[in-house]
Amino acid sequence: MGALVIAEHNNTVLNIATLNAVAAASKLGTVDILVAGHQCQAVAAAAAQVTGVTKVLHADAPHYAHGLAENLAPLVVSLATNYQHLLAAATTNGKNVMPRIAALLDVAQLSDIIGVVSDDTFVRPIYAGNVVATVQSLDRIKAITVRTTGFDPVAATGGAGTIETVAAGPDLGLSQFKGEELTKSTRPELAAANRIVSGGRGIGSAENFAIIEKLADVLGAAVGASRAAVDAGYVPNDYQVGQTGKVVAPELYIAIGISGAIQHLAGMKDSKVIVAINKDEEAPIFQVADYGLVGDLFKEVPALIDALSK
Amino acid sequence: MKILVAVKRAIDYNVKARPKSDGTGVDLANVKMSMNPFDEIAVEEALRLQEAGKVTEVVAISIGPTACQETLRTAMAMGADRGILVQTDDEVQPLAVAKLLQALVAKEAPGLVILGKQAIDDDSNQTGQMLAGLLGWPQGTFAAKIDVGEGTVEVKREVDGGLQTVALKLPAIVTADLRLNEPRYVKLPNIMKAKKKQLDVVSPADLGVDITPRLKLVKVAEPPARAGGVKVADVQELVAKLRNEAKVI
Amino acid sequence: MEREAMEFDVVIVGGGPAGLATAIRLRQLAVQHDHELTVCLIEKGSEVGAHILSGAVMEPRALNELIPEWRTLGAPLHTSVTDDRFLFLTARRALRLPTPPPMHNEGNYIVSLGNVCRWLAQQAEAAGVEIYPGFAAAEVLYHADGRVKGVATGDMGRTKEGAEGPNFAPGMELHAKQTIFAEGCRGSLTKTLFERFDLRRDIDPQVFCLGVKELWEVRPEQHRLGRVIHTIGWPVDQATYGGSFLYHLENNLVSVGFVLGLGYENPYLSPFEEMQRFKTHPAMRETFAGARRVAYGARAISAGGFQSIPKLTFPGGLLVGDGAGFLNLPKIKGSHTAMKSGMTAAESVFKLLRAGEQAGTEAIDYLHRLKNTWLWDELYRVRNIKPAFRWGLWLAIAYGAIDTYLFRGKAPWTLRHKADHTSLKPAALCKPIDYPKPDGVLTFDKLSSVFLSNTNHEENQPCHLTLKDASVPTRLNLEVYAGPEQRYCPAGVYEFVEESGSKHLQINAQNCVHCKTCDIKDPSQNIHWVTPEGGGGPNYPNM
């Protein structure tokens, strides 16, 4: 009785968030991966390489191309009886499909876990990360989404899983993919971004905020701001980290010219890696930053942009 | 077409939650409670569809103790036509909520159910998807924009790294994300009018739903304080650390 | 601009003890006399209790009169005062003094006044009062002949610049035969009424104190249910009026606060920092060992007492509660007097309305009725205690003893007050105060404190802290007084920010906890506090 991880991919490349989910699954037993998609052999092959993976279940059909929950959920349900744990990364795809699977199996779901206590007990943040709950599932099958920042990813290679083709289910025809606009040229949305560059009062003016935007573009990051910067009128208020719905937890958070008032910290403290650049070496932001750089931001940020552009 | 909107009474978003010192739960004594902000967006969207002439009736549903009547009154003050409270003092987890809503869908036969994408207390983000699964209906989660057409609804969804558009056959489930709309202010005379709108109260037993919890809360705690890391000397060292140690770039 | 209007017999502005007691008493009388009477109460906080902050030890005298069966109705008065201590602090030591008579607490209760108000609101609704929290009274409305017609709630959804935003909803007019202002200390509409009707003629200026309060959950072994401690002395000097309170209430909670007279002279003084420093006293810090701070807030209170009570009535309305200045400072209690004033006002107003008087009459017998209550006598007897503090702590105590024991409060003279905004000395004549850095365990900085007030304001709205002259903050306040608003504001609203070489005042209106100190203490009275969008401001739980 092992764990089944639902792979996240775009039919060509395995999304690395899957590796975090496999990391969580590895704490629970043997790990199989389901790769459901359309013409996604490459992904199945990549999944077989992932450290710790025993078996890849590969289902291929046009109606799995975009991972729509209506067709994907019944497929997972048909495979689920062989497993004690079903996991997916807590990406928008994972969050979309897993509860549907859980409902069809008549089991509860544990969302956004950040820790594994035992095979039925997990740790997850609630109240926007202000409280951490330890929760035990009383169901036979545990449906789980995994917060990627809670588990270091396993290696993408080094494994030797077998690939097994599974039959595709029918197209239920409930939903249809119409298109997508991926934010490649424009910046990602703050709440969903993997990387965020934020500026504070230290930026000094609305014009100076360009330097933050430039760094964000080099990193493919979203732009955020502290309340002080919003209050000072440097940026509009939807940039503000920490307000309703704007509690962020990216992989990388770079705070520039932000002192680190608690209001701001409450909005970003669950970020995986925090970098702070501030001229005041006593700024509270350094108490939470993994990497702190004391210095003049107008000197350090251009240098950082240069170093990253190389 | 009729719309059902599910509204949850939750801690007000301005209030900081705090675990009780014995770890048995979150201290909510005398704490301000409000309608879950994402549910407010869901109500607003339903009302806009009604105002656009696409919907005939908007029914708000809440599940929980008597105090949830206030939440329903708020939804009705915004403009919902009537309210249904599934009254219980027991804990109701997302799966049970979905089952209760499923039972009400069977009674009310709506063309669309709109919910908030998640509640800001348990942060589960499950109920809409579960309801869709139980009903065998399509789901448009994390909606940033919705367009109701003949027999279908097109939903623009906030997904990682962009927006995805799906077309769903009606009846369908939609869950509201932050950018879907900005809810209206409740006007005083509408609060007064809402007091006279129809509010029915039913029990989980009336609906034939077993709401026994499937998850057991072992304990709650404050999150561990984040420890400060290291100071780096310069940009070169910072970039090296981010590449080789943190592996985030 | 077109606004909708609604008619009531009585509109009450403010859901504190005074407003709620007025509302309840009115409905009681209406039922008793089988008289139809519509009573509407509006409250700017997101809910009743959200903006209530008090110590508090409550004297149940008024409550006994208003709702004699409060015990069986579940009023949240759970903790009797069982141990009452009065201490004089030096930097290292604590000397126990005899408790002054006004401060005796037999029969009193340690409460959360916010929770008492939540309960009173339930009683009021049950009695037929319509209560609408989340709506701020932003404007007094007048009939053409000058009688008060009612109030208008504030517009919602205006942008920072004042334009109508996409969700704009205009305010609403509430018309009433009588409008009762129960806004609490330094009410923003009450302030305009003082001027309009010249209500403060021939009386002393009102004087104020600022109370900064924290709620702590302490370890059970540090908790002494029912204990009340008041201190005077350290950390403020003898020329500054100030003292602390520390109350042990139910659920291992300790309510601790510092009350400081706003007539202080040194612009470097920070009431917030004094409060933080107070907790570090050797006699205090033990209580907080291993404890957790759960809430923070601040509120100004009226301290002028008897000689500062304004004319209370005007055509179409009247004042009740601490907005009128009914707080008993030597007793450091105001909820019982606030309630009593409201109940008395309700009786006057009801008599008027029952007699069929038309809208806008003046309830002149309110004052006569008040004069025959214990409230009037109580305030009269203690009237000389606070003003004596201008002679310093020891003389004030000595004088207080003479006034209390020898004259029993009936000395043939009355000491006068001087307005608080006139008391600051130029910074050049004062010594900066070196406050210790917060340790993050027992003492904290302002912003992490404000965080625990749960305050918020919709960002995109006009700033509710208005300046009459935008040049005053730098030209006068910074230049002469070293920017005292940075220090007297307990919520970090005011900051002087340097931008390209010159300093300007940054107003962080979102942080505001509605304490009203800036409106009171600004040396040239340049700051005018107006109501922000309804529902904004702190969300105090259990305060």
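We just call them A, B and C in the order they show up, numbering each chain from 1.
Following the convention adopted for this analysis, a contact is a pair of C-beta atoms (placed from the backbone, for glycine too) under 8 Å apart; a residue touches a chain by one contact, two chains touch by 3 or more.
Quick caveat, the model's predicted, so the values are computed rather than measured.
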Inset, instruction - Could you tell me between which two chains the number of C-beta pairs in contact is largest? - result: A-B
Inset, instruction - Indicate, using Cα centroids, the chain positioned nearest the centre of all protein chains shown. - result: B
Inset, instruction - Could you put a whole-Å number on the gap between the CA centroids of subunit A and subunit C? - result: 47
Legend entry - Whole-Å separation of chain centres (CA-atom averages), subunit B against subunit C: 37
Inset, instruction - Could you grab the centroid distance between subunit A and subunit B? Build each centroid from C-alpha atoms only and quote it in angstrom. - result: 21
Inset, instruction - Provide the list of subunit B residues touching at least two other chains, using ranges where the numbers run on. - result: 16, 18
Inset, instruction - Identify all positions of subunit C at which a residue touches two or more other chains, and write them in rising order. - result: 451
Inset, instruction - Could you tell me which residues belong to subunit A and also touch two or more other chains? - result: 266
Legend entry - In the complex with subunit B, residue positions of subunit A that touch it: 66, 68-70, 73, 91-93, 95-104, 106-112, 117, 121, 125-139, 173-183, 188-189, 191-192, 194-195, 219, 244-245, 251-252, 266, 269-270, 272-275, 281, 286-294, 300, 303-304, 307-308
Legend entry - subunit B residues touching subunit A - in the complex, by the definition given at the top: 11, 13, 16-19, 26, 37-38, 93-95, 98, 120-134, 136-142, 154, 157-169, 178, 213-224, 226, 228-232, 234-236, 238-239, 241-242, 246, 248-249
Inset, instruction - Under the touch definition given earlier, write down the residues of subunit C that touch subunit B in their complex. - result: 4, 6, 46-47, 49-50, 112, 114-115, 118, 130, 132, 134-135, 153, 156-157, 166-167, 169, 172, 217, 252, 292, 294, 451-452, 454-456, 539, 541-542
Legend entry - Parts of subunit B lying in touch with subunit C, wherever the complex brings them together: 12, 14-16, 18, 21, 27, 29-32, 34, 182-189, 191-192
Inset, instruction - Flag every residue of subunit C that touches subunit A in the complex, lowest number first. - result: 447-448, 451, 459-460, 497, 499-500, 506, 508-510
